[in-house]
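When the chains are written out, they are named A, B and C in that same order, and each has its own residue count from 1.
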């Protein structure tokens, strides 16, 4: 299946969709754990993300990507600037309609896969029939059907991350935040999980913000990629890929793929070297 | 004044306040007020007999510590290094650790009679097990990659032991030492409760029998301070040497 | 159930030790005023259980007290642990105190508790609770420490209330290590209650041991000691077994 096609014109779909998430001058400073230093994690991050867009963030390690995600999710509050989701300010509490999958495996070891996925729905008092419907659907979607009664300890890392994703999906979030969810997986699994993610994105029509350190992954999955500088982080560039919505991992072979990753790296290379010289978090 | 010095002081003030409240509620027959206790402690501190008793306790405690470490540490290291020995001994040692030592007191008294050896024995049965158990744990938790690294660096067995294995095992061993030493102090005091005519434990039992509330509290406070300082000191050493 | 090589060795070791003790006692190397042979201890215990008119009353008394002390110390220790964990400054300040707690013979306060609560089960339960609570408290602190940070993030992103977070995330996530605290609390309750009965009491196994010691009644004394040791060993083994199962199931095998 040829992927070249008329990419640029289809990209303009994103530009006409309404803005669902906007960050304005977001900066963040915090005191380090022993109180000895203040760390400027982010500095004036500005971006507007449209509804249904797939936005990736790449940057050197320690540049504040995870902090940014926490702020968008309402898990942390920016020291300066504002975040708005669906027109309402996000400040310290998690708004309705936001889901997140984190870097570490956060599946609950004491619950079966089925109970893990049903967890959020049960806590919010959704009625049993609806819970069953949504959980079965999410489990099927994530290919976990054969393991529904198993416990996470019996599954591989990739499967456990799928459980975490399924657990988020059942709540039908309109904004899905992913912080290097495939970080612990091998390359092949990553590529396949990336394809699944695209499939989910299309099906749920959610807005997705993905943090990744893999330039290939960002280039393959995203509509736009924000490149962050070394700490204190801010966007030095936003690259539009212009891919059609119906893409999968075979986009690798598109001639523009190499251009995009090259462009990402040329911005990122200097920042990465800066970051390597910086003290730890 | 930064947090680190302020917080313990605040805590002490709060503790004294709580103490005073308890005193008011429970009455002078049950506990002595902070002031009365302090006064009693100062009076005791001026009595040379108090320091003789404290010295006797300290001596017995010292012997108990030395013996506990001398027995517990080599035992723990040797057992810890050998898988079968470990699997066999660890549950046994664990069981001994959890048996209430008080059940052994009559036995100890019958074997050692009254006096210094009984006190030291009490201290040792309290202190030796945690030291051994933590040493076993420390050796067991040594990562195999440490040995591989030592071999790749062409270290001799002695160098491997001293410069690679010992520092890696040290934090956990130190924790065991700290717990063992604390337990040995407790054991020594308890020994003095039952088996001695001198020492701080002996003072305690006399005070308990004569219902001298202020004495009980003053001596206990003194013990608590000693134990607290010792623990804080050992903890500080532990923290400095801990790279985890 | 397959018995491992290590277990066989262990059983052999214990049997050897008991046999040696038996031999030493029977040949008089250990005098019978000091210790009676292990076989005699067992016989004495059986005789007491079957024939002594006081046994079941005293046993029930002790068991009631230590169960009450265990429950009280577990609940109180857990609650205090939650509270102190939420206040890191207080925790840091309290740390040397908590660590020194088991260096000081807390049961010297027992007579003082008797003055407050009277001679009776309440003072014994209080003693057991005071003795055991700190072990549970410290285990709770460690247990909460060990909860992976990510779990809390999940709780917040799922928009749980603090109560829901406590019941549905914190508690299950901490369960394996909390159980260690439960195990310690039970053991220490036994120690505390029996030590109290030893010192002053009107009933209970501890009192019987103290009386037997004073009366040079070695048979009763060792019989009851054997009972206490057996009780603790069985409890410890049972709780340890549960703890291992919890760990296997819940703690991740990465």
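Operating definition for what follows: a residue touches a chain if its C-beta (ideal position, glycine included) is under 8 Å from a C-beta of that chain, and two chains touch if they have at least 3 such contacts.
Please read all numbers here as calculations on a predicted model, not as lab measurements.
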Based on the averaged CA atom positions, which chain is farthest from chain C?
A
Where are there more C-beta contacts: A-C or B-C?
B-C
How many angstrom lie between the centres of chain A and chain B, each centre taken as the mean Cα position?
51
What is the distance, in whole Å, between the centres of chain A and chain C, each centre taken as the mean of its C-alpha atoms?
49
Dist(centroid_CA(chain B), centroid_CA(chain C)) in Å evaluates to 19
Note: chain A residues in touch with at least two other chains are none
Flag every residue of chain A that touches chain C in the complex, lowest number first.
73, 75, 94, 96, 98-100, 102-106, 108-111, 119-120, 123-124, 151-153, 167-168, 171
Given the complex with chain C, which residues does chain B contribute to the contact?
3-4, 7-8, 10-11, 26-27, 29-31, 84, 87-89, 91-92, 94-95, 98-100, 102-104, 106-107, 110-111, 178, 182-183, 185-186, 189-190, 193, 201, 204, 208, 211, 213, 216, 220, 223-224, 227-228, 230-232, 235
In their complex, what parts of chain C are in touch with chain B?
4-6, 9-10, 13-14, 33-35, 89-90, 92-97, 99-100, 102-105, 108-109, 111-113, 115-116, 187, 190-191, 194-195, 198, 209, 213, 221, 225, 228-229, 232-233, 236-237, 240
Could you pull out which chain C residues touch chain A in their complex?
148-151, 153-154, 156-160, 164, 168-169, 172-173, 175, 249-253
